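Structures are listed in the sections that come next.
You will see two complexes here that share subunit A, one where it goes with subunit B and one where it goes with subunit C.
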Partner chain A sequence: MKVIFRPFFLGLFVFWVFFPFISIIIWSFAAGWRFPDVLPAQYSMRGYAIAFDPNGDIVRGAITSTIIALIVGVIATAIGSAAGRAIAMYNFKMKKAFQFLVLAPLIVPGLAVTMGIQILFIKYGLSDTVRGVVLAHLIPTIPYVVMIMTGTFANFDRGYEEQGQVLGASRVTVLRKITLPIVLPGLAVSFLFAFVISWSEYILTLLVGGAAVKTLPMVLFAFLRGSDLTLVGAASIVFMIPPLILLRFTSKHLVGRSSSVTGLGSV
Partner chain B sequence: MSTGIKIENIEKSFGTNPVLKGINLEVPSGKLVSILGSSGCGKTTLLRIVAGLERATSGHVYFDDELQDLITVEKRAIAMVFQKALLFPSMTIGENVAFSLRASKNPPKDIDKRVEEMLELVRLPGFASRRPGELSGGQEQRVSLARALMRNPKVLLLDEPLSALDANLRVEMRNFIREIHDSFEMTTLFVTHDQEEAMAISDKIAFMESGVLEQYDGPQSFVSTPESRKVAKFFGCRNVFSGAIVGDTFETAFGSLTLGKDHSRGSLIAARQEDLQVTLEKTKYSFEATVVSWQFVGSRISIQCEVANSSNREKTEVIVESDRFADFEVNEKVYISYSPDRLHVISRDS
Partner chain C sequence: MTNTNITAPTPSFKLKFGRSKAKVRERKVIWLILPTMAVLVTLFVGGFVFGILQSLGFFSVIADSEQKISLDAYLAAFQNETVRSGIILTFRVAILSTVLSTIIALAISLMISRTKRFQSVLISITQFNIPIPHVVAATGVLLTFSQSGIVSRLTNHVGITDGSSDFPIITNDPFGYGIIMSYLWKEVPFLCVLILSALRGPVTSLDETAKTLGASYGFRLRKVILPYIFPSILSGTIIVFAFSFGSYEVPYLLGEPYPSTVSVVAYQLYTNRDLANRPTAMALATITSVVIGLLVYAYMKLTQQESRKK
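Take a look at the complex of A and B:
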């Protein structure tokens, strides 16, 4: 029984995960796909021609999104690592309150917060700017980085840094040569999370960026309303590429030997 | 040329909890001194203050005559080995050993050669390209030592470097540390909780308890002339009696003991169990006792006796350790004989 069931459930699982992708991939090549046809009658590259048009909205949206997500990834990883280290390795007054505040954006809807600070953003000229969008994207990304890095630093032995110091290394050398290599898996995963969250963020971008900052999700939504499913399919494929590339480089830290990334289970 | 260490009136509190209560200690240049004490006595804190990893609440640390208090850790002429080997996981063994050289401002050109020489010294030749995870505990600790020595420190600080190793390896490694110390002749402070370890390799031992330096002496003195009851107990003396000196005798609750020449003054007397003997006949220096029980302790026997007090109705327990099995029964009346020169009057009752 077992021998039959295992491949069956595995197959079901793979189908479950990949079916939506299959339909998107087929749509992206379809030149018309009508019910009740199992497969489209005709194929074309029209979707991709538009999607990869260097002056088209999709390529420009992807560039804007990439820039924003990279900046958000770097800033969120830097700030979140510092906070994660503080929570994991030091005791200080109001630590519990600090921890709660840092993680609060995970529970409080970002939308509510952004509605509130939108007025401030307008006041300080951050509305409709890339800077403003980056700031807004830090709200949902930093808590994840804090969670991951708290776990990473909880497993980090402070002794390594002291060992470096007593061998004559300056603080900068200790950070660069000793600490960073050890916590690198955590940093990589943090960056991946921050990048992906920023990359797929829609509502915050809409509220803060308005029509001026056109990230890829904004463009996608516009296409969705247009109901040209071939184009939507091609754009969705483009949308999936950068996170997948990033995943390719960080996946080794998500599973397997690296035990330092355990923060996801600790909060 | 190595450096002497002077620790002057060091006090340290964590919050309101005093950990070190005025420590004064001078470590002569080129000597190996152990800081010995049970856990929580403040010995590691003291070492960390010497290293600069911890700041003293008050007091000073000098290397020769140079005040160290304001010198940061990385600028002090030290190297330190911790309980854990703490080999940097992202580096090979060779890179670990070379760490201090590469971190210095002018890295020498012959790093690889010097690393190999150092690895040979710690008897790990050809290990340079291996990774930390491939080594055993003892090997890791030797790499850690090599890494510390590579810095060519004036002062070597060892914080319980052997306590994570198993018993046989500990003996081997402590002798190895002594050998290394002798060939480099660098001033070494060695923190340990293991009395045997300290006795085996130290020129002098600084014995600490509850943040106080109880005694600072050569290893033998802790056995023959303990300065306090705590020291006597820690170094395994089972018989410490209170009383008073009257002329050439020490009056205890169970009778008077004859003292040797040049005895010190005080209200406690230590009689080591291996210096006493159980006999069936009265001898010149002996007192009457009853055998309560006995048991084998290794190849020796430990005999628990009771002596009736002359001043009250209670009894005093006396332990005798002998390498011979005497011909006596439990509850039998025997004599415990001693030699006056082996009795030691404790000058302090802390």
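Take a look at the complex of A and C:
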């Protein structure tokens, strides 16, 4: 009894993780799939033909999303890691208040805050622009970067930097040749989180970007309001691929002895 | 939060460099935190404050001379029937999602940590849906569990249900099953990654020692493993609760046509053609933020007392 207990539940877990994809994948290849049929009567590549049409909504949405998520990922990772280093390695006045400020966006819904700031965005011409959307996406992404990098810098030995300095390396060389290589796993995971949060964001983009900035989630939402589930399936698949590719390159840093996620476990 | 003060100057260090070095450090730290502070103070604190001001009637978008400052928007929010049913749904969804995902994630993580075969494969699988957008999770739940979804087709084929209308409504339902399922699907793996990374830490050697000394698994679980991974679970539950309480995408897709969670109601009020609803939307947003903040604060106080008792 006890022997089959664990494999049974772990098997169930694996099934649960992959189960929702089954219908998404089948729908993306279906040429109509009437109700009582367990499998579609016919298959087609129509969904993907539309999805990969260079002038179609999906490709254009994907390009806009990629640009925004890359910019957000780079900015959030850059400024958030500096803050993470400050929290992990230095004591300063108002440190507790700063930590509170950094963690608060994890608790307070981004929608509430963005609704409040929108009149300022309109006033300063940031509404309906990519710049405005990037700024809005920084709110939910920075806290994750700061937490991950605080965890990373907590295990960082300043001695390496000091040795470099003693041996005559300039500050830029120390940063490039010593600090960055050591914290690279943390930076990679931070970028993954920032990119994925920005890539998936719908409501903040809608509030700030309106109809002018059409990212992939907005396209997918438009399809979901329609009735063409083949398109929904194909768009969902396209939507999932970039985050999964990023995960492929960072997964080894997510779990491990010096995992970069440990920072997330220290709110 | 880690408070490791690696740079605490030793006495001899202080003698050599005196106060100037410390001042240099202080100035350097400013540059490290300034960008993050600038962004969050302007956008986050600014948005929060401007939201409160708008809920009180400042910056009214309706051009009229008799603009008055009042708490009317808060009264309107509480008198709104959609808001009331939304509040109940929101609490139900957030609490059930958090409690269930924590229990399942803890059980799965402990089982994975005890498994020898396929352990790395299982760990990859827990990571697999971390980067999948919530919209896709909701879409998957919709296409799988709706009345014309794949489960309904299977039960119909086998003969358990008779036609699509015979299948129970578990997406776009009044209880919020579909929303909870989507959150569980996303948050269980997220918590697993947190817990598994804590389980890989120094606790492994402590556990080995306890095992060598003859402690049973149940004893080690209670006295060694759980106390050690407790902080990670705590942070994880806070993130999951706050997220499932205030998120928009999933309840929007899986909630209609029934009254949805407060964030969906707030957005609907905000974008309503009648601009008089805007302060109400702001009031609702403010209330939501304050309620989440207070609940998280109470939870942290409570768990701090608990861990002190231990």
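Here, the second predicted complex is superposed on the first by the 254 of 267 C-alpha atoms of A that agree within 3 Å, B and C clash if a C-alpha of one lies under 4 Å from a C-alpha of the other, contacts with A are read in each partner's own complex, and residues count from 1 in each chain.
The definition used in the following text is that a contact is a pair of C-beta atoms (placed from the backbone, for glycine too) under 8 Å apart; a residue touches a chain by one contact, two chains touch by 3 or more.
None of these values were measured; they are calculated from a predicted model.
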Which superposed partner A:I178 touches (first subunit B, second subunit C, both, neither): first
Partner chain(s) touched by A:D37 [first = subunit B, second = subunit C, both, neither]: second
Partner chain(s) touched by A:L101 [first = subunit B, second = subunit C, both, neither]: second
Touching partner for A:S200 - first (subunit B), second (subunit C), both, neither: second
Residue contacts with subunit A in the superposition, subunit B compared against subunit C: C
Partner chain in contact with A:Y160 - subunit B first, subunit C second, else both or neither: first
Overlap of the subunit B and subunit C footprints on subunit A, listed as residue numbers: 157
Partner subunit C, residues of subunit A touching it in the complex: 6, 9-10, 13-14, 16-17, 19-24, 26-27, 35-38, 78-80, 82-83, 85-93, 98-99, 101-102, 104-117, 119-120, 135-136, 138-139, 142, 146, 150-151, 154, 156-158, 192, 196, 199-200, 202-203, 217, 220-221, 224, 229, 232-233, 236, 239-240, 243-244, 246-247, 251, 254-257, 259, 261-262, 264-267
Interface residues, subunit C side, partner subunit A - complex: 1-2, 4-8, 25-26, 28-33, 35-37, 39-41, 43-52, 54, 59, 61, 107-108, 111-112, 114-115, 122-137, 139-144, 148-150, 153-154, 156-157, 163-164, 185, 188-189, 193-194, 196-198, 200-201, 231-232, 234-236, 238-239, 242, 245-249, 253, 263, 266-267, 270, 281-282, 285-286, 288-289, 292-293, 296
Of all residues in subunit A, those that touch subunit B in their complex: 157, 159-160, 162-171, 173, 177-178, 181-182
Residues on subunit B engaged by subunit A in the complex (per definition of touch): 51, 53, 73-75, 78-80, 82, 84, 86, 88-90, 99-100, 103-104, 147-148, 151, 157
